[in-house]
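Structures for review follow.
Both complexes shown next keep chain A, but they swap its partner, so chain B is in the first and chain C is in the second.
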Partner chain A sequence: MAYEIKSPIPGIFYRKPSPESDPFVEVGSAVETSTVICLIEVMKTFHEVRSGASGTIASIEVDDEEMVDAGQVIATLEPDDSGN
Partner chain B sequence: MGVRVVKPGMATTIQDLGRPGYYRVGIPPSGSLDQYSSLAANLLVGNDDSAAVLECTYLGPQLHFEAPTVVAVAGANLPPLLNGEARATWESFAVAEGDVLSFDYLEGGARAYIAVSGGFDVPQILGSRSTYTLGSMGGVEGRVLAEGDWIDTGDTSRATPGRVVPESLRTEHPKHREIRVMMGLFDHRLTPSGRQTFLRTEWRLTPVADRTGFRYQGAELEFEERDPPFGAGSDPSNIVDAPYPIGSIQVPGGIEPIVLHRDAVSGGGYVMVATVIGADMDLVAQSAPNNTTRFVEVNLETALEARRDRSKRIEELRMAVAS
Partner chain C sequence: MKKLLVANRGEIALRVIRAAEELGIPTVAVYSDADEQARHVSVATEAVHIGPAPAAQSYLNTDAILSAAKRSNADSLHPGYGFLSENADFARRCEAEGICFVGPSPSAISLMGDKAAARETAAAAGVPIVPGTLNGIESPSEAEDAARRIGFPLLIKAAAGGGGRGIRIANAMGELADQVVAAQTEARASFGDDTVYLEKFIDCARHVEVQIFGDGRQTVHLFERECSLQRRRQKLIEEALAPNLPPDVRCGLTAAAVALSDAVDYEGAGTVEFLFDPATNEFFFIEMNTRIQVEHPVTEFICGLDLVREQLRQAQGLPLSFSQSDVQPRGASIEMRINAEDPANNFMPSPGTISDFELPLGPGVRISTPVKAGSQVSPFYDSLIAKIIVWDVDRMAALSRARRAMRELCIKGVTTTASLISALLSTDEVNTGRYDTGFVERWLGAQEKGSDQ
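This part shows the complex of A and B:
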């Protein structure tokens, strides 16, 4: 079951910490619960969105610098399977 | 009695009816941007109109209650969770000592108001508890809430859980709004085509929308040619500095109109092409980024009629919640 990472706030979605940097994560990146997935800009400030679960990024659902709504899915991940 | 702020949410501030009467010396009225919803939350928990509430923008806080009380959330559709269990908005509910109030994702609107029986108690500055962050006054140390803050709450003797605002008196949160405006004072600076563009464009709210102003995108307005008068900048959107009414719509550079709200600066040199009527300022407050707005021109008579309608709705709200 894929885990959905949602934006808690509406705003502009940024995949990179700055225009010159590499994206925070790519499809296939291994992430921890506290890994930053993206930035959301609203009210002239940038908010980090963290993964919320550990696993592997399966998809990124929003294009860079696109507007998102609160609760919108921005990425999905395959959680680590502790059973294996 | 009081609450501990476990997580502050985003730009959560203490607000009330505001601090009117000092705008002429540069201190804006502040207060809840959506006064109707803020009042509804107060009425639901048995408070006076002047009790202070929490204004939460987009993201709710997490609060730990250190004494039993009654709470209500009104305004944006920001679903409350009490110890993780869903509670309704526009209804008052009991909270026990040790309970934790948190929120699910925003489902509509932009600003939710949390009222607690007896009100949030902070020192009054110029007759109000409202937070004005740019001036570092009111609320908790003149700023947005922070993790670990303690806020005293008042007398809970009038607390009544289970009060409900009927469906017909709740604010709806569509993604498109029609906001009524009166043209002026500087609409003569627009060409007829610029005026048409202003009134016909479906403006989209940008993420640059806070208690000071709401900035929209969608078109560029055309201004009349002129020689700038002494004191005005050379850009066609500049004027000789003038006072800015709350609700006035300035258009720097002819692009991105900004509706000024209750924390606005009191004057400046940008052309104001129109002013949102008082009755519709609550609607502006509930606009979220990406929502669309059309500005609809009305005359003074209609604006005053709308004000009377709003007063009537508030009386209906009082009756409905008290019964």
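This part shows the complex of A and C:
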């Protein structure tokens, strides 16, 4: 089952660390538990959201610079099947 | 001044609108989608919608703001603090469009806004500066040469930075090059300019700043504010006067602030920030802020005057309503910033709906807040939801009043820094006035350690 990566806080979703950088991850990227997926800007501060599980990014659910709510799913990933 | 557009939001927009209304000047508020219900919109004479919630598309959108000024026939504009307040190009555009910008000249804004140029100007005016580089650093190897002379630890600062943003620390030569590159990248991303300079890091220093005001005829100082109670360079509590400041240091600081202001023909309200080393009684210029500051009320309380009213007078070409000899500080004033942040969770912002909002009242208490029960605290803007400012006849009485005010305060629905502010007001360091800019973080670290055991 796909694992959902949720935003812990409401704010503005950024896929890139800075405007001229590459996105943190793309669909198909392999990620570790601690891999940064995006930044959420809230009240003029930037918060990193980490994957929380290791696997492969299956989808990115929010467009860059869009508003997200707390608890909203921002990406899904196919977990590593090492547990099976 | 026939009509004033206030190019800001929140408590500072209200502060400016109130000052203008008291002078009989009609006001125009501007607002984003997120601020339709905001208090600054309802108290202004009229209001103009300027765009979507993100600040880049509204409060920082110069075209939208200038078009709002045109549409409403405003002949003057107050930028408040933050947003466009220290944007020299914007001030120039206002001038070109025939709109009076309430603030210093664009050239003074851009000179002081370039923090490296400001250091150079200060040094030339005979104002002591923190040992470091006089010009911007181009490359890591240039930084290493300078660092040999300055010593470690040192700070790498963005020339275009300010307000405590765009600063990195290097503790040893081994990490300098990486930190310089990181600081340049950050500065380019945040400020569109990757010039950085180096400054010696002065440990256990205090942040003391002098309020000045120039009207083109005279420059007066309004004494100092102590702003060392900060976390990650964001101020939490400020007071005036600075406690335990030797009188000769006070004389030196205020004279230096006036000398720098005169060197740039400064007009309007400004703040000259210094680091003060209590171990040696030396002080050093850090930067000048060319705007009204968040903590201006503590100066107003002890000096008994209205800085925003003076700004509006100065913008009309009127002289200051007082001279240096009229400024006699009286009593003590303390400002407590209440932010929608969770001190128990690494100061995570806490936007949401305020359910209960009980403010302190009574003698010597001044409140500046844009919210009430039922208000939304938006995730789009800064986290300041209320300033509580107290005054009393001396520092001990003011501290007691500050603690009393904090006991009366009750905010529910969003998590705030109120508990931290109350706890700090009860520490020995704050009560004896012996704290430096590292105190709050050391204290927080000790609390965390204590609760782990």
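Quick note on the criterion: the second predicted complex is superposed on the first by the 82 of 84 C-alpha atoms of A that agree within 3 Å, B and C clash if a C-alpha of one lies under 4 Å from a C-alpha of the other, contacts with A are read in each partner's own complex, and residues count from 1 in each chain.
Quick note on the criterion: contacts are C-beta pairs under 8 Å (C-beta built on N, C-alpha and C of every residue); 3 or more make two chains touch, one makes a residue touch a chain.
Bear in mind the structure is a predicted one, so any value in this text is a computation, not a measurement.
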> Based on the superposition on chain A, does the combination of chain B and chain C result in a clash or a fit?
Replying inline: clash
> First (chain B), second (chain C), both or neither: which does A:Ser18 touch?
Replying inline: second
>> Quick check for you: in the superposed arrangement, does A:His47 touch first (chain B), second (chain C), both or neither?
In response: both
> Just chain B (first), just chain C (second), both, or neither: which does A:Gly71 touch?
Replying inline: first
> Should A:Lys6 be classified as contacting the first partner (chain B), the second (chain C), both, or neither?
Replying inline: first
>> For the superposed three-chain arrangement, which chain C stretch in 129-137, 273-281 or 363-371 runs into chain B?
In response: 363-371
> Common interface residues of chain A with chain B and chain C?
Replying inline: 9-12, 42-44, 47, 67
> Hey, which residues of chain A end up touching chain C in the complex?
Replying inline: 9-12, 18-20, 42-45, 47, 65, 67
> What part of chain C is in contact with chain A in the complex they form?
Replying inline: 53-54, 185, 189, 340-341, 348-349, 351, 379-383
> Of all residues in chain A, which touch chain B in the complex?
Replying inline: 6, 8-12, 41-44, 47, 67, 69-71
> Taking the complex as given, what residues does chain B use to touch chain A?
Replying inline: 10-11, 57-59, 105-107, 207-210, 288-290
